[in-house]
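Same chain, two partners: chain A is paired with chain B first, then with chain C.
Here is the complex of A and B:
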């Protein structure tokens, strides 16, 4: 940001900008040099920002009509669905919006994994991203509790009970979390408060995430550093703005299909039954986006170890920049990593499927193998691969991605001096 | 771009398959052609009105519908009874109101703004009257069951002779589609149990379809406007997407070579 020089045209603009350089910021954002070879997987950053804003706006509107009370929450949701003007629309956008948010964030994360966007010098962007992802899961979980249906209640019971696995103080912590001796009204009101708070924390972290991104600039499909600004980059506006807008619109079409034609398909039918502490549902399952971690939790026979495994599965991602020892970022030039990458994708999908199935027999066995493989990928495959893998020749710039064979050092030097 | 769409489709399908496995039924549910499915799906007005009749004459003696008001019966997208009909329907129920100026509760005839009158005073009373089983509230029942309308439609027609080798407790009935095949509710419908005003023959199949349609509307009273708005929204988005696509092509043509 510092190398950016900008002087407003108008006198007032100059006066204002000297005191608060908002115009410099705006100019930086529009001119921000972006690699021109970004593909559509890169549009999900913008899509995620849209998802966050949508969730906040619809959430605020819902909060005006929702009543956080164990006796009235379910009814107030029905009131929103029936009597509030377009309440059904706002609620369906919000509930499906959570799913779309996670769909987008998983694509965003797996894009990062494929193109090595987490590697130096982008570790901080990545770690902030993982914190955002954790907060998203917390917000989504608590949001799912608010309608106070059967799955809300029992989901809250199962997840909060995980803390009882902590030795010695576990039970005390659970009581403290609940604000009583079971999930009840105090639990609901605090979940509502936190569900309201977390999106704004996420918003703040998103600002940091983007700020940290703007220091080294975007990674790109080739995974090499680009000189900026240069022939390899385009200004953010209008090039990336219009491309993001196009991708966002396509995403919105999918989103709209869910809202208008299958608004309940991603939810569980049991959540339209009012919470009843005396009746346990036949299967307690979390929302689809938490299923892989739920499968990891259940595949460990010991409760405490299961909780540790589940948390490690997420936190291990934060260590990824150091677990991956390869200097090459993009999987395009890493033939072996590319294969392991797709195995990991399949592994996570299998875990998700097993999370929805009862934890018994063959399902449990497959879930255990998939869990073991998940950790194997990060703890063994990635560190070893960096040393063993024979990578393909990496081009010198994205304008000339293919030079045919290994570029000679002399040619590179010559090119560099030529550019100077 | 191709890869991108392919992956999106796979992920979406995967989510669907998970969801379907949630509600995996052992018995195949009966199917019928629901008028409210699809892009332009609308309720069959006649079916909704007949369905209300089945609900109020058969189901309502045990099942409440606490989130609905009589005024809903006249609203657009519902059974669309006329204003006079809605008033007459509401007036046919006795509602407890109060307290009045003397501090007494009193009975009066219903108004369109009243909620549907509950068959029992509370859950305990409902359980006591039904051998310990609570007849679930029907306001959102179709959304609260895996299989939705097909499940309710099948369940109503799923009563059969108890298979040999299966013993049922007193007051428990065999139903092919019920979870565990045991249900407290006796077969609620039999041919001709209601007499339709429009001359439709009141077979069990017909009544099941009508009352299920009515329950679908009760659970999703804005379904019709949702479908209408959805179609407009998606057409709008598609047109806008096409326009933005060509703008994008134009703008990017300034960059010498696309990589």
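Here is the complex of A and C:
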């Protein structure tokens, strides 16, 4: 793993490291050569690690007071809010923490999209990331069911019913997921179990995600390969550590704002009404972070095709390294891609807004156009762009655009052609 | 190599894999099947409802297997409206006679066949039910007429035990 041999200074350290090379690992992590031009969009990996740990710690403490039973779950959550010491704080950190986790992961994903971080040789890092994202959605969905409010119950009903779209075995699968003929106590207890399990699966995948990252090293805003270690890199500690810490502090200010000043703004008032299988709330909406996919689901008039479209919208991301045919990674040197990138960002935001609106009239029409464009971006625009786009000259090294240094081959050629 | 006869060792490998696969399946199946409805859930399979107080034009909702069941005493206009619909206008063609054996009483699961929400009474474009979740419209026979739901609302197994009591399940 490490580029250099590490020998612990102390005798005990050497004895221990010969038997379990933890110190070698620690030395690799601190010395890990990092491109020196990383901007603040690269700090979200650290922020996401913080989010995961926050969710695990607050989740463990909530589980000490929560009761996973259809008759008691709702009351036990109110008990946490009113009676348990600092229960309100821990629960608000946990519930808003889910939103902050998704906020960070969306920035992290869109950073990858802009700088082409998913391209060779980083495909595996990207795919592990997509799996983590899927698991996050599963964990968030099941966590939202646990308070057993109206939105919990009906959200669970709608999402589990997605499986009933599968021909032949669909109904059987839904009954199996429920452990009954409707969402009820057996559903709640298994969701609690899985909600408890998934964060640890994510933790394991995060280790693989970082391991896979440390093989080729970080991508960077210029998107070129970096010789490491070299003048183009700095050691992870202290340079990146202090930068990540600063970004994390900024992030925590936003986080704290939600916890202390508007802890319920991202939730739904309906979830403070206990689950009632006889009445569906007038307007069912998932949490904000699932809205774009919900809009895609609703914009297709057929049940099975709607479910397929929604799942494809997520899974298509896993194929991205092969759909994007351009050899140039960073959008900085791709004038056309840069424009399409921002159109995609706007498109996803529009989908998110439409997901929160009722599925009728103009809203539905806009959602359909936005859904079509979403797929068009990945299936047509990206593959074609790689062949058609005239990219800008890419510098030979990170240092070059700043210090002059060695001129890039492409730039030299361009200059030549102008002189002719 | 390829025209060589299979050896005893290869037979042993194949046999070991086969036995191993069966053993693995035998262990995995209980772990999967434990999630299916258990005996206590299955035991709640039927419920009896007194409908003597339901007036024409009214619907009562009862809980059966954790799901709402609509029991509607239909008015004459509603029955006429349901019977007059042409089969070719239906997404899921079913005759009203087949759905309501006694035309005055419509008994069906109050569960939208799209994604399982409870549709609202006396709403929608067809004087029947309207699902607020994703906008499916049902007619006075509970048949899907407009929106994403693929099927009519399901009619469960039920019978009149006597003039005033319906047994569902």
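Note that the second predicted complex is superposed on the first by the 400 of 420 C-alpha atoms of A that agree within 3 Å, B and C clash if a C-alpha of one lies under 4 Å from a C-alpha of the other, contacts with A are read in each partner's own complex, and residues count from 1 in each chain.
Definition applied: contacts are C-beta pairs under 8 Å (C-beta built on N, C-alpha and C of every residue); 3 or more make two chains touch, one makes a residue touch a chain.
Source: prediction; values computed, not measured.
**Student:** Once both complexes are superposed via chain A, do chain B and chain C end up clashing or fitting?
**Tutor:** The answer is fit.
**Student:** Could you say whether A:301 touches chain B, chain C, both of them, or neither, answering first, second, both or neither?
**Tutor:** Once the two structures are laid over each other on A, A:301 reaches chain C alone.
**Student:** Would you check which partner chain A:40 touches, where first means chain B only, second means chain C only, and both and neither mean what they say?
**Tutor:** The first partner, chain B, only.
**Student:** Kindly classify A:157 by the partners it touches after superposition: chain B alone (first), chain C alone (second), both, or neither?
**Tutor:** It touches chain C, and chain B stays clear.
**Student:** Using the superposed model, determine the angle chain B, chain A, chain C defined by their C-alpha centres, to the nearest 10 degrees.
**Tutor:** With chain A as the vertex, chain B and chain C sit 70 degrees apart.
**Student:** Looking at A:181, would you say it contacts chain B, chain C, both, or neither? Reply first, second, both or neither.
**Tutor:** In the superposition, A:181 contacts chain C only.
**Student:** If we overlay the two complexes on their shared chain A, which of chain B and chain C does A:256 touch? Say first, second, both or neither.
**Tutor:** First partner only.
**Student:** Which partner chains sit in contact with A:209 here, chain B, chain C, both or neither? Use first/second/both/neither.
**Tutor:** Touch status of A:209: no partner.
**Student:** Just to be sure I read the superposition right, which of the two partners does A:360 touch: chain B = first, chain C = second, or both, or neither?
**Tutor:** second
**Student:** Examine A:352 and indicate which partner it touches, taking first as chain B and second as chain C; both and neither are also allowed.
**Tutor:** first
**Student:** In the overlaid three-chain picture, which partner chain does A:282 touch, first (chain B) or second (chain C), both, or neither?
**Tutor:** both
**Student:** Quote the smallest CA-to-CA distance from chain B to chain C in the superposed model, rounded to whole Å.
**Tutor:** After superposing on chain A, chain B and chain C come no closer than 12 Å at C-alpha.
**Student:** Residues of chain A that sit at the chain B interface in one complex and at the chain C interface in the other, please.
**Tutor:** Dual-contact residues (chain A): 282-283.
**Student:** In the complex of these two chains, what residues of chain C are touching chain A?
**Tutor:** 32, 35-38, 41, 61, 63, 65-68, 114-119, 131-135, 147-150
**Student:** What part of chain A is in contact with chain C in the complex they form?
**Tutor:** My answer: residues 154, 157-158, 160-162, 164, 175-184, 186, 190, 277-284, 298, 300-304, 306, 358-360.
**Student:** In the complex formed with chain B, which residues of chain A make contact?
**Tutor:** For chain A paired with chain B, touching residues are 36-37, 39-41, 75, 78-79, 81-82, 88-89, 92, 99, 103, 106-107, 234, 238-239, 242-243, 245-246, 249-250, 252-254, 256-257, 259-261, 263-266, 268-270, 272-273, 282-283, 285, 288, 291, 349, 352-353, 356-357, 398-399, 401.
**Student:** Sort out for me which residues of chain B touch chain A in the complex.
**Tutor:** Counting only chain B, the residues touching chain A are 1, 4, 7-8, 11-12, 14-19, 21-23, 39, 67, 72, 136, 139-140, 143-146, 148, 179, 219-222, 226-227, 229-231, 233-234, 237-238, 240-241, 244-245, 247-248, 251-252, 255, 257-259.
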